[in-house]
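In the two complexes that follow, chain A is the common piece, with chain B as its partner first and chain C second.
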Partner chain A sequence: MKVSNKSNRWLTAALLAPTSVWFVLMLILPLIVILVFSFGERAAVGGYAGGFTLEQYANLPSRLKAFQNTMTIAPAGTLLSLLVAYPLAYYLALRVDRKYKLILLVLVIVPFWTSLLVRTYAWIFILGGRGIPSLLELIGIEGVRLINTPGAVLVGIVYGYLPLMVFPIFVSLEKLDKSLLEASSDLGGSPLKTFMQITIPLSMPGVATGCMLVFILLMGEFLIPAFLGGGKVFFIGNALVDLFLQSRNWPFGAAVSVTLVVIMLITVSLYMRMTLRSNTGRDESLM
Partner chain B sequence: MSKSNDGNKPISATKFMQELRRYQKGSVSRRHFLGVTGLGTAMAVMGTAVPSLWSGKAQAFGDLGDRLIFSTWPNYHDQANLDEFTAMTGVNIQVNAFGSNEEMLAKLQAGGTGWDVFVPTNYTISNYVALDLIQELDLSRLPNYDGAANNAKFAGPATVNGKVYCVPKNWGTTGFIFNSKKIKSGPKSWKDFFDVTMGAGSGHTIVHDYQLTTIGGALCALGYSFNSIDAKELAEAEALLVKSKPHLFAITSDYQPGMRSGDAWMSICWNGDGTQLKNDIPEMDYVIATDGGEIWSDFYAIPKDAPHLDAAYAFINFMQDPYIQAREAAVHGYAPTDSRAIALQPDSLGSDPILHPAADLMNGLEFGAAQTLTDPIRAEVMARFKSA
Partner chain C sequence: MGLVSQSSTTECEFDIEFRGVTKRFDDIVAVDDISLGVERGAFFSFLGPSGCGKTTSLRLIAGFDQPTEGKVFIGGESVVGVPSHKRPVNMVFQQYALFPHMNVNENIGYGLRQRRPKPAKQEVLKRVDETLEMVRLSGYGKRRVWELSGGQQQRIALARALINRPTCLLLDEPLAALDRKLRREMQIELQTLQRDVGITFILVTHDQEEALSMSDNICIMREGKIIQSGSPRKLYDEPVNKYVADFVGKTNFFNGEVVESTDVTVSVKSDSGQVLTGMLIKGATAPANKSKASVAVRPEMISISAADATNNSANIAIQGRVLNRIFLGEHSEYLITTEGFGDVLVLSPKSIESNNQGFAPGDNVSISWKPDAALVLGDT
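Moving on, here comes the complex of A and B:
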């Protein structure tokens, strides 16, 4: 008994080894490098020059606007994606004819076959002066500016992140026990009441997962604001790209990264605690 | 952006290839081939390398590998020329387009770029040499390059401590462009540029996502040097930029789409983009500002750790051919530094005021300085302006 326990332990260790090595090399070590850099100084022509200073953290308020933009547009984009994705997922999971289901699901994924860069670039032309605004001019609405506004960035976000929101919700709606819906209506529940009290609560794990996926990725987003915000809707991701690729201030960039990671850890753990609490009593796991 | 070749250039890429194939097949004599393609003059320069050059791909170029990674600027080449190099040598060119010299420097500093050839601007070269990021060129491997034919004013920065690290590509100016149908006041200076931005043209101006030109323009508007690294002057420039930010259409170095769609009416502009825009939209006017601005030259250089060195030399040599240079210029709209190539430009381009402006217009222009690029205050001013 004892021996087999021991060999089990070896087996477990062996099986976990590749993941652990990967985890340490690709996640822990880089994070340590970033942490160390964040206390350093910028070299004369850019880069990292060692040293120990808190100067980089003291300079954080100069990027306040970027943090504010990210902290408002990322949640707004997540919420908007949810509002657009839920009806779509609902339709795909519960309403659509079985034989079309697969093809419709594939259609949701198809945009992923092309680079986000190319698809976002296309939106520059759709939202630019010769796109939607010129159509609006035809019906007499003039002087509409869409491109390089927070609204344009939100459109880009919803477009780019929709599949990430649709699929988790689709999965939880798909495995929803249909007999519960019948039971509700048998017992006199109106369709609205059934939806509010059965469908929505049972799809919450999918909603929670989708929101988390989209929100976490949005916090680091830089491509969509750069293209559709014209450099005027500035995310913390853009500040980071700038610090590493333009001003080459690696230590300050590292300090901003560390701050972002801390903000994410706090937000995500609060969020998980909230959703876990509201999910207690159900056996569905969050992810 | 590649445009089709036509009209008044020495020879089109297609025609060149047809002639080359005819010659390779033996349908025409070598003399005919050299005459038609205009390579005759180039041959004189290429010297002994030539006889073997046209006797078949493999022999002529040796084994150059099948790949070349080339980092350059947007809208800066005629795709036909790159394709021609690939057809002649079997080397496929992977082009990376960059938005700023800082970005190139950052990538090279980080290491492992895999680049074989890149296109630095005059003020970066001494930095690259100091950081040991580029290699000294073996000019004997670049028979098409003729140092004497290049204007020393533009070619000068290629030589650091007596060693040649790169060969010149083009030169140009940094001014601004405006749409004269939308902006009637005819801005002439950087001061006008910012006045119009915050006045009649509010919401329709683009500044570069590049500290050198954007801060430089603001400094000139305030009456300071384009290259200033004085903390007080930079603080004033930052204040001007931040004040104008709500009136900007965008902060981007990719300004042609905005100007072409009509969303933007005015933009900081490199003169080649000015030519490209003017060719397609006549109401676009390129301005060399009366209160200063930049004059620059670009180069071909090879990074220290270039993986395909032979292909890199072959490519630079190919691009130094005066005819190729002239054909490039006809598409990208920047002036060659090489007098052999200028002589081959059609009259319409040789006297073009955007490509070859009158000398007195350029009196106030400055070459960017090495420390302008790397100054930490300028970098931080730009970053703060963008996140303001």
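Moving on, here comes the complex of A and C:
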């Protein structure tokens, strides 16, 4: 048994090696570089000039607006996506005729076949002056401005991230034992009470997974605010693009990045602790 | 209990009543024009193979499905269009359907908590404790349901239904998921419980032994129709056709064609040319000449003796050879091969055999039965 254990260990190591190397080269090392840069100084012509200073971190308040936007619109966008995705997932998992289920599921994914960039670009026209506002003018409502508002960014977010929220919820609703719903009804639970007491609690693993996916990606989002926020509603992602590519202030960009990572680590671990507790040790609790 | 004519007015003697109930799913007829009544406080079973409509019948009572035609009555009142959460019946599901995110207390108290006005927390807890005691699981209230064994989950499911004091308790193959020994225990427990609480129990099962041992009345179904209903004894002694005789207990069938019939007996000629006579069941009409019929003899009605032994000439006797013997303790089960009548199963009590040690495979024997032990049954 000892021999086979040993060879098993080698096999495990060999199988894990590619991932580990990739992980170290593409994630750990860059993170260390960023961390080191964040304590350095900007070279006169842009880039990194070495040294050790806390100046970059002291300068963080100058990007307060980007942090504020991200920290409000990312959670709001997650919540809004959840509110739109849940009824859709519920319908797909529990209500729709089996015959149409697959087709409808494919329709949810179809938008992914086109680049998010192109699809978000389309929203510029829909929300822009010659889009919905011009239609509203036809019925006498004038002066409505949609594009370049937080609302436009939220619409883009919900549109872009919906499938990521729909699928985990769909899966948890689909594997929900339907006899539990009948049992609730049999015991006197009205449809609404059954939904609140059985369906929602038992779909929480899917909700938690979906929210986590969307929230994490939203924290680093830059495309949607860049297009639909028009420089008025910008995220940390936009600030980073600006710092690294435009003003070439790498150390300050690095400091902003490190701060973003820290904020994300804190919120995600708080969130995981919360969802894990509400599922007290059930094996299917999360992801 | 019995079949109820469709025109009869309700005198509310039945807890559950079906009047001309049909349930169709698209073009499949799951339940086909069924009328029946279940007396208050009875232990009633729907028995049949899978797909016979027994589970659909139960779901029509629970309100998970609505009949396509006809009416279901609960406690004398029509429940047409009444959703399941407003019906005074509760169900024990096949896989129990306990709520995995609630502990035992929360599961059992679920029904009470749905009521309006909402009962006080203390009141719910008190009733839950009483019910836990009834199913002999006191002290298990704080447990998570998936920590419990199958038998314990079964009892929690029972408690969760019974705490609501339903007019009628519905049991959908409740013992199917349990092992054999536990199933026996639960059968006895269910019967005791039913006597104690005095509620009508309706059981759905494909297990004839389970139905026979527990029920006051059984309804045997096939392809959405009731084939026969009555007490276990009546179904066993007076099956209306071959299907029922085959489903309830073991039976030897001698198949053939009707050649002669009187008011009380029918003679059937087998393919090999042998003729056997059987009794017609009381009230049944004799099958027409040349129609297919079977003479049925229960294995325990057949006696076995040495081939050269003298026989009571009034009995019907057939010569054969022992193929196999299974010792079952108080009984021996013989498989006897005969000429012209195929293989015959004989159940021989130990008390008769004790003097001669029984027969061994290869022995030539004579099997015989009293004329009134053989029944003539139509194929349908």
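A few comments on the model shown:
Everything below uses one rule, namely that the second predicted complex is superposed on the first by the 285 of 287 C-alpha atoms of A that agree within 3 Å, B and C clash if a C-alpha of one lies under 4 Å from a C-alpha of the other, contacts with A are read in each partner's own complex, and residues count from 1 in each chain.
Basically, a contact is a pair of C-beta atoms (placed from the backbone, for glycine too) under 8 Å apart; a residue touches a chain by one contact, two chains touch by 3 or more.
The structure displayed is predicted, hence computed values, not measured ones.
Under the clash rule set out above, the superposition-derived model of chain A with chain B and chain C shows the two partners fitting side by side. When the two complexes are overlaid on their common chain A, residue A:Asp177 makes contact with chain C while staying clear of chain B.
Set against each other, chain B and chain C touch different numbers of residues in chain A, with B touching more. Once the two complexes are overlaid on the shared chain, A:Arg63 sits against chain B while remaining clear of chain C.
Contact with neither chain B nor chain C is seen for A:Arg277 once the two complexes are overlaid on the shared chain. In the superposed model, A:Lys99 lies in contact with neither chain B nor chain C. By the touch criterion stated above, A:Gly46 is placed in contact with chain B alone, chain C being left untouched.
Minimum Cα-Cα distance between chain B and chain C in the superposed model: 46 Å. According to the touch criterion, chain A has no shared surface contacted by chain B in one complex and chain C in the other. Residues 62-64, 83-86, 89-91, 93-95, 97-101, 110-111, 114-115, 160-161, 164 of chain C are the ones that touch chain A when the two sit in their complex.
Across the complex, chain A meets chain C through its residues 177, 179-180, 182-191, 193-194, 197-198, 201-202, 282. Residue ranges on chain A touching chain B, taken from their complex, read 42, 44-47, 62-63, 65-66, 124-125, 128-131, 145, 147-148, 230-232, 234, 238-239, 242-249. Those residues of chain B lying in contact with chain A across their complex are 100, 102-103, 105-107, 109, 127, 130-131, 203, 209, 211, 245, 248-252, 257-258, 261-263, 374, 376, 379-380, 382-384, 386-388.
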